[in-house]
Structures are given as structure tokens and as C-alpha cells.
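There are two complexes below, and they share subunit A, which is joined by subunit B in the first and by subunit C in the second.
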Partner chain A sequence: MSSPAATLAYLKAAQIGEQGARLRLLSFPSTTPASLARLVSQVCEKLQDKILALARRGSSPDVERLLVFISIYLVDQVAPVLRFIEGATSENTPANLVLPLEKIGQALLPDSKFIVRRQWRYNYRVVELRETLESALQGLLSSKEREAIFGPPSERLFAISFPSFERDSALLHVNFAHEIGHPIEERFLKEEADRASLVDVEIRRDIEQELPRASSVDRALKVGEAKSYRRVAIQEIISDTLSAHVFGPSCLFALYEVGALSRSMDVVSRDLHPPWRYRLRQMLSVLEELGFIDKEQSTLKSWPQEVPTNVLQAKPKIDVWLQDLRAVVSQQTDLIEIEKEVQVRCAYRSVQKAIPSIRGFASRNVTTPYTPRLFGEEVPGLLDRIYMQLPPNQIEYTHRRVCPVRLASILASGWIYKIAELTSFNKENPEEYVTRMRGLNRLILKAIELSAVKADYDLAFARVKNGPSEQR
Partner chain B sequence: MALLSSVEIRKRLDEESNRKLVITPILDPDEQIHEGSVDVRLGTTFILTQKTEFPMMDPSAHVEELKEKIQRYQFRVSKRFHEEFILHPQQLVLGSTLEYLSFPSGVGGYVLSRSSWGRLGLIIATATFVNPGFKGCLTLELLNLGEVPLVLYPGIRVAQLVLHTVEGEPGLHKSRYQFATEPEFSRIYNDNELRFWGKGSVP
Partner chain C sequence: MPVALTVPNLYKYGFLTSRAVDFLSQRETPSISSEDREVLVACKDLIQKLIRGEEILIGPNPASVHNLRPDDVETFSYFLTNIPQLRDRAENAGELRDYFASVLAPLEAILADQPAQTERIEATRDFLSRVAEALLDTVKDNVRRIHHAEPMPPANE
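Let's look at the complex of A and B:
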């Protein structure tokens, strides 16, 4: 007879493994969720073998402790991963967008895989799954056994979550680029670690100057807090900056929309992010620096003059929006909040000093950035298609035919249409607004699908065409 | 009313105006545009029926009741490109064209099965007329009348659009299924007249 701990652990492993095997059969927009389901089943099978081996060894306090540890690991670490798989089905995700987003993620982090899944909380976030699953197994399985399950150590697996009811809100999903940025920011913090002592010294000196009469304990506490504030702010600003390189102005539009849902634009959080107003100011400044927005006029740059009338008329509406945003970020209320407490003040002084290196880091890490030139070449033509109630998947001017187009351009055309034409609902007929937004999202998602399939088809067809000639 | 030739189809697809004919994307014009027709491809989403949820379909039932029943009766399945979709003998599913269409007011059309598929038993549409002014992806009614299950893949050329001109002044186009990007289930409940003809209104 096996011990109760062994029986319990074995049962949990079997149950979780079965769930993984069942989930693997669902329909997903990419192969990654099914691979994760397989991984969960493999971990459980391996642990079942381990539990049996321990049970055969006979009961001892050490063995019992290990069996209890396995049960806890299964319940706390492995089972929760199943919800990522369940949320990643085609039905639960904006399926057309998943593969293009995975490709962007893999371009930025070549050894990584991504899962896109819904969650009920209203935010976007990224979670590393491999480490979660693998770290606790270090004492149980050899590195060879772990590698057989998880692949080479360099391979990482991230789950990006989005708010469930925003599934079809294609435009808002530019926030994915921000989330993909989070794992990359680790590189910046690692690079910075080499001169971490310098940052520490700088913050310590700053706090000492601010609080000359405080005890060393109080000062040390303030330094610790300042470092936390700094770290969180740096992480968010790096991800924002990286996303601006990937998707251009759409990131500003999306950031504003998400920020508008917060209770205050000025709250400083040690655990979450800098004030929204601060982030918007930074994002605007990055887009100016990249050449998407004119700094003096607060207007969109790279907008050709020879475009259809409605496209020409959309431009001033975007410029008004940008000027309104300029007014929002010109208010200094967030900076007043930051100035209120010494540790926050010192942290943000240090953040401000790091901005040039953050921007340099982002430029180095996005090897094929979205540029104002591409924006100017593609977005007006795509916007014209939306005005004609067509998916913005290709450009069809006489002098210029482009298909496929860039994902960033499709999203930007959608945002510009939304800001130009769908800013508010008609009080007499509010339902019409919802219908039009639904229609816009559908066109955008369809365009993403069509542009991607065109790219794949052209590539495959070129290969077919080239095949026989190579043989000849 | 005249059938559009391949030259005329290409001309109208290339036109520079808001009233142009749009079939997007045409992945391979040489393969898809024929004399009098354009081949269209299968989309990625399908609507299947959940027979155990619904005893029978009486389209004259109360609108709200019917709407709910129809919701319960159907479920959507998405397939990736290169992933198979198996259509069993006698099974009816709704699919859609991969292509998004926009017909100007002077052009109408018919969706027909491609004969190569028809010979295998695949029927792709029963409501075949496409109105002038239509915009969206066309819903296809896929029915396997053959003896063996058929393996379909999103992206394959399953149907052909036969296009023709429309004579006279165009009226305002109204459709229940305008701007669809996926298959749409029946909205028969919007047919008010059915309430009169149904058994519920027998005096």
C-alpha cells in the first residue's frame, strides 16, 4: 500500500494530465497552446513516474515531504497553467491577429513562443510560463530530463492576456506590443546592472541631500522605495518605447484610451506604472523623435497631399486630437504628484536621466521598425478603403498597388478612422455607434487575415514557381 | 443584362472609382479569373449545427424565442490555413468566402459550385443570387451530397462567381447580411410575413 501523500500526489498528477490532454484537442489559432497542453501532460506523466518511484522506495519523513511538495507544485504551479490554454482557443481570441502577433514577438525575442489568451480582469499583461513550470522541478528532475520536456534552456514561453470582452477590439490590441516589450526590458535592466551601483549611488546621494537630518535607517528605507518606483517606471517606459517602434502612432491612441479608464491621470504607483499623463507625455515625445508627429505643430507628419477627399479631410481631425492631447500632457499635475514625496521625486529624477539610454536601447532592439515613411505610403490608401467600407488589406491607386501591407499600417488606418469618424455616439441613435464600431473592428480583423494570407501565398507560390526551375 | 467577360471583369476590378468592383484579395488572378466568372476561396470560419440543443426549426415562432433558439442551435468553428475541415455525407454547414466583395450598383452575380467539386458531391450554395450593391463576405451553404466525407481546407477554390450587368436605374440596396466578414446564420426571424403564414396565427 502506498502512503496517503503518494496516493494524493499521483491522483493530482493524473487529473491535471488528463485536463491537459483534453484541452489539447480544442481549436486554436496557432500551434503554441496545444504544445503547452502537451507540455503540461508530459510534466504530469514524468511526475507520476517520480511519485511511483518514491512510493516504491518506502515511507520516510523525507519522502513524505517530497510527495507533499509535488502535490503542492501540481496544484499551485501546473494546474493554473491550464487556464492559459483554455483562454487561447480560436473562439476566445481575435484569431486573425494571433499569428501576426506571434511573429512580431518572435522577431523581437527569437527563441520565444507566445500564447494569446483572454482573461476576465480588465488589463493586458504578460506572464512567463516556462520558468513557472520548470523552476520548481529543479530538485525533482535532472537537467537532462527537464530539457527533454521543455526544450533548450534558451526557449521561453509567454502568455499575453487581454480583457475578455475586448476580444474583437482589434485596435486596442496594439497593447500587445507593449506586453511583448516587457520580457525585452530585462535586457535593458541587465545592461544597466553593470552600472547599477552608479544608479544606487546617485539615488542615495539624492536622498541624502533631500533628507540631511534623517537617520541612516530611514534613508535606507527611502532609497529602497525610490529604487522600486524607478524600476517600475523604467519597465513601463521601455515597453511603451519599444511598442512605438513596432506600431507607431497607434500606441499613443491606444494608451490614451486605456488611460482614460483610470480614476486619475496623475496617480503614481510603486507597483503598477507611472502616472498616465507621464506615460502619454513620454509616448508623444518618442513619436515626435521618430518623426511621426510634428513637435511644433502637434500634427501628423508624412501625410501626402494627393489623396481622396475624405482621407484628406481626416487629417485635420487627427491633428485636433493631437493638439487636445498636447493640452493634456502640458498640464503638470502628475509632476506635482511626483514632487510630493522625496523617494518618488528622487526615483523620477533618475528615470528622466535614463530616458536617452532607454530610447537608444529601443532603437537597437527593434531591427525592422515601423517608420513614418511606411506610415505615409500605406495608411492614407488603407484609410480610403475603410471609408469605402472595405477591409484595409491592400492599396489600389493606379500609380501604386500594394498587397500585403504592414500590420502596423492596418491598425493605424483603423485608429485614424475611429478618431476622425467615431469619437462619440449620437444621443438619438446610440446603437448605431456600437454597430459602426463593430463593423470597423470586423474590417480590421478581416484585413489582417487577408494581408497575412496574401503574404504567405506569395511566398509559397514563389517557392512552387522556383521549384521546377531549380531542378532544371 | 449581360455576362461579364474576363476582360470586362479585369477592367472593372482595375477601375479607379468608388463604384468599382472589388473582390479582395485575388491571390492568383490567372488561376481565378475565367471567361465569365471568378473563382472564390473558402474562408476560415464555419457554423455548424448542434442538433441535440434544438428539437425543430419553426421559422414562424416568436422573434425573441426564435433568435435564442437559433443561437443555441449553432456553434462556430475556426480553422487555420492548412488545417482540415471534414464535411460528412449529408452534412450542411455554413462557411464563407475568404474574399471580401463589393458590388457596384450596376453589377449582380450568382454563386455556383465549381464543377470539379460538384462531381465529388459538394454543393456550395442554394441561395445563389448576389444583389447589386452587396458588400461583405458571402455565406456559403456547404452540403456534401456524396457518399464519402470530403476534406476541405480554408483557402481552396470552392465556388465561382458569375457576374453580370444590371439594367435600369439602381434602387437602394438593402440586405440582412451586409458587411459580413464571416458566415452569418439565418435571420429568417426578420421575415415578418412568416408570422402571418405560421400556424400560430390561424383564427
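Let's look at the complex of A and C:
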């Protein structure tokens, strides 16, 4: 007879593995969630083997403790992965957006895979699953055993979560680019870690000047805190900057909308995130530097004059929005908050010094950035299609020359339409606003789907067309 | 900010120390398998990490405290907080460092295929067992806290 601990652990592994196998059969917009389900089943099978081997050795307090650890690992770490898979089905996600987002993620992080899943919490977030599961097992399975289950150690799998009821809010999903930026920022921090002593020395010197009479222990604690504030601020700013390179001005629109729900525009959050006003100021500055927004006038650049009237009339409305935003970020109330505590102000002084390297890092890491030229060439035409209630998926120069467009342009045209035409509801008929927003989201999602189909078709067509010459 | 290890490290060290304790409990076996060797090397690395992290407590000098590796300090602080015997030893300067050196020695001897005194092996086993227990308590607490804090509605999150 096996011990109760062995029996419990074995049963848990079997149940979780079975559920993983069942989830694999669901319909997903990409192959990654099913692969993750397979991975869960494989982990469970391997753990069942381990549990059986331990049970065969007979019971002892040391073996029992190991078995309890395995049970808790299964319940606490392996089973929760199932909810990521369950939330990633075609029904639960903006299915037409998933593949284009995966492509963006893989272009930025070639060794990574992504799943997009819904969650009930109201935020966007990214979690690494594969490496997390594997590194915990480093204490239990040999490297050979782990590689047989998890594949090459370099591969990572990120789950990006979005707020469940926003499934069809295509425009808000611009925030995915920020989340994809988070794993990339690790590279910046790693590069910086090689010269970490410089950052440490700077912060330490700063704290020493601020607190000349504090004990060395108190100063060491403040240095530690300042480093934490700095790390989180840098992480957020890098991800914001990377997303601006990927999606252009849409990131600013989306950041503002998400920030409007925050507790305060000015305080550093409990989880050390920088104030929203600070992030918006940085984002605006990045877009000015990239040439999307005119710094002096706070207006959109790259907007052609020869466009249909409604498209021409949308431009001043966006400019007013940008000027309002300029007024918001011109207020210094967040900087006053930052100045209040020594560890926070020292951290942000160091962050400010790192801004040029952050921007350089972002430019180096986005190899095919979205540019003001593409914005100017594609967005006005797409906006015209939205005004005609057509999906903004292509630009028809003539009936024989149809060009697919960038995902960033589709999203930007949607945002500009929203800001120009759907800023507020009519008090007499509020339902009309909801209906029009729903309609806009549908057009955007359809455009993303059609654009992806066209790109795949063009690729396949080119392959067929060029096939014989390649063989030669 | 609470003292915490990353979740994968809680399990990694939990599995490792539990296995090492199991191995040290049955030391009659004359040879050491490559798998057991891997476990003991990892435990040796953990103790060395604690020795490095302990510098935050007593030196060698205040300036170098700032250059400590964050994960060494994090690991040391976690065990100092969670193992009362370590806190008691930390009261006297140098005692904790000597203690870590004494629990490290038998592992080094076994890995070098040299004999180690039974009492010293017993002390190392006892230390690793306390480490494993502390980690087990933390993961049990985490599971309880996470389940308690699950937001409504919990069905799909």
C-alpha cells in the first residue's frame, strides 16, 4: 500500500493531466494554447512516474515531505495554467487579432510563443509560463528529463491577459504591444546589470548626499528601495516606448483611456508603477521624437491635404485632443509627488538619466517600426473607409491596385475615428453611442482579419509564382 | 515590502533540500549517483549564496554591502526571517558565518569522495531539513492566501 501523501500526489497529477488533455480538444485561434495543454499533460505524466518511484521506496518522513511538495506544486503551479488555456479559446478571445499579435510578438522575441487569454481582473498583464514551470522543477528533474518535456531551454511562452468584457474592444488591445514589451525590457536591465555598479554607485551617492547623517544600514535600505522604484519605472517606460515604435500614436490614445481609471494620475502606485501623468508625458515625448506629433503645435504630423472632406475635418479634432493632453502633461503635480520621498526622487533622477539609453534600446529592438510616413500614407484612406462603414483593411488606389495595410494603421484609423466622432454619448439617446462603438469595433476586427488573410494570400501567391525560378 | 523568494525558487529549493535530506539520511550507500551529486552541488550553491548574502548583516565593510547581488540578499533575508535558529545565531557577529561554513563542509567532503564525520553530516541534514520545512510552510501559506484572495467571479480567471 502506498502512503496517503503518495496517493494524493498521484491522484492530483492524474486529474490535472486529464484536464489538460480535455482542454487540448477545444478550438483555439492559434496552435500555442493546445501545445501548452500538451505540456501540462507531459509534466503531470512525468510527476506521476516520480511519485510512483518514491512510493515504491517505502514511506519515510523525508520522502513524505517531498511528496507533499509535489502535491502543492501541482495544485499551486501546474493546475492554474489550465485557466490560461481555458481563457484562450476562440470564443473567449478576439480571435482575429490573436495571430497578428502573435506575429508581432515573435518578430520582437524570436524564441518566444504567446497565448492571448481573457481574465476577470480589469487590466492587461503578461506572465511567462514555460520557464516558470521548468525552473521550479530544476530541484526535482534532471536537465535531460526537463528538456524532454519542455524542449530547448531558450524557448519561452508568454500569456497575455486582457479584461474579459473588453474582448471586442479592438482599439484598447493596442495595450498588448506594451505587454509584449515587458519581456524585451529584461534585455535592457541585463545589459545594464553588466554595468550595474555604476547605477548603484550613483544612487548610493545621491542617497548619501540627501541623508548625510543617516546610519549606513538606513542608507542601505533606502538604496534598496530606490533601486526597486527605479527598476519598475524603467520597465514601464521601456514597454511604453517599444509599443510606441510598434503602434505609433494609438498607444498614447490607449494609455490615456486606461489611465483615466487609475486611482490617481500623480502618485507612484502601490506596486511601484510610475504616475500615469509621468508615463503620458514620456509617451508624448517619444511620439514627438519619432515624428508623429509636432512638438511646437501639439498637432498630428504627416496628414496629407488632399483627402476627402470628412477625413480632413477629423484632423483638427485630433489636434484639439493632443493639445488637451499637452495641458494634462504640462501640470507638474506628479513630479511634486515624486519629490516627496528621498528614495523615490533619487530613483526618478536615475530614471531620467536613463531615458536616452531607453530610447536607443527601443529603436534597436524594433526592426520594422511603424513610421510617420506609413501613418500618413495609410491612415487617411482607412479613415475614409470607416466613414463609409467599410472595414479599414486596404487602400484601393485603383480597382486593380489594392494594397493591404499595417495592423498599426488599422488601429490608428479606428482611434482617430473614435476621438473625432465618438467622444461622448447623446443624453437623449445613449444606446446609439453603444451601438456605434460596437459597430466601430466590429469594423476594426473585421479589417484585421481581412488584412491578415490578404497578407497570407499574397505570401502564398508569391511562393507559387516564384517557385520555379527558386528551383532554378 | 515583505521578504520573499520568487515562486519558482521556493519550489526549486524545496525539492532540492528535501531530496538532499533524504540522501543524507541514507548515507550507508557507498557510492553517489550523478543525480544525487547534482542535488548536493545545488545545495552547496544555496549555502554559498547564504554566505554571500549574510554580508549584508556584518560587512566585510559597509561600502561593499551595496554591491551585493540582489538574489543573494533576498535568499539570505528569506531564511533569516523564516528560520528562528538562524536569527538566534545572527545575534552574535560571526557565529552565523561559522555555522554556514560548518554545514557546508560535509557536502564538500561527500562531493570530493572524502569521509565526513557522522555528527557533522547530521548537523547539515538538520539544517537542510529546517530549510525544507520553512519553504514548505511558505508554499502552503501561499496556496491558502491565493485561494482566499481569488477575485469574484472566480470561474474563469
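Convention: the second predicted complex is superposed on the first by the 456 of 472 C-alpha atoms of A that agree within 3 Å, B and C clash if a C-alpha of one lies under 4 Å from a C-alpha of the other, contacts with A are read in each partner's own complex, and residues count from 1 in each chain.
Everything that follows uses one rule, which is that contacts are C-beta pairs under 8 Å (C-beta built on N, C-alpha and C of every residue); 3 or more make two chains touch, one makes a residue touch a chain.
What you see is a predicted model, and the numbers here were worked out from it, not measured in a lab.
Peer 1: Let's test your reading of the overlay: on subunit A, do subunit B and subunit C clash or fit side by side?
Peer 2: Taken together on subunit A, subunit C would fit alongside subunit B, as the superposition shows.
Peer 1: For the three-chain arrangement built by superposition, which of subunit B and subunit C touches the greater number of subunit A residues?
Peer 2: C
Peer 1: Looking at the overlay, what does A:V223 touch: subunit B (first), subunit C (second), both, or neither?
Peer 2: Touch partner of A:V223: subunit C, not subunit B.
Peer 1: Is A:R204 contacted by the first partner subunit B, the second partner subunit C, both or neither?
Peer 2: In the superposition, A:R204 contacts subunit C only.
Peer 1: Which of the two partners, first being subunit B and second being subunit C, lies in contact with A:V63: first, second, both, or neither?
Peer 2: Second partner only.
Peer 1: So, does A:P29 touch the first partner subunit B, the second partner subunit C, both, or neither?
Peer 2: In the superposition, A:P29 contacts subunit B only.
Peer 1: Examine A:R118 and indicate which partner it touches, taking first as subunit B and second as subunit C; both and neither are also allowed.
Peer 2: second
Peer 1: Applying the document's definition of touch, where does A:L445 land relative to subunit B and subunit C: first, second, both, or neither?
Peer 2: The answer is first: A:L445 touches subunit B but not subunit C.
Peer 1: Now for A:V75: first (subunit B), second (subunit C), both, or neither, which partner does it touch?
Peer 2: In the superposition, A:V75 contacts subunit C only.
Peer 1: Taking the superposed arrangement, what is the smallest distance in Å from a C-alpha atom of subunit B to one of subunit C?
Peer 2: 18
Peer 1: In their complex, what parts of subunit C are in touch with subunit A?
Peer 2: Interface residues on subunit C, with respect to subunit A: 1, 7-19, 21-22, 25, 35, 38-39, 42, 56, 62, 65-67, 70, 129, 132-133, 135-136, 139-140, 142-143, 146, 151, 153-154, 156-157.
Peer 1: Under the stated contact criterion, what part of subunit B meets subunit A in this complex?
Peer 2: For subunit B paired with subunit A, touching residues are 16, 18, 22, 24-25, 27-28, 44, 76-81, 98, 100, 102, 135, 137, 155, 179, 181.
Peer 1: Flag every residue of subunit A that touches subunit B in the complex, lowest number first.
Peer 2: Spelled out, the residues of subunit A in touch with subunit B are 27, 29-30, 90-91, 95-96, 99, 388-391, 393-394, 397-398, 403, 439, 442-443, 445-446, 449-450, 453-454, 456-457, 461.
Peer 1: In their complex, what parts of subunit A are in touch with subunit C?
Peer 2: Against subunit C, the touching part of subunit A is residues 60, 62-63, 65-66, 68-70, 72-73, 75-77, 83, 86-87, 92, 118-121, 132, 135-140, 142, 164, 197, 200-201, 204, 216, 220, 223, 225, 227-228.
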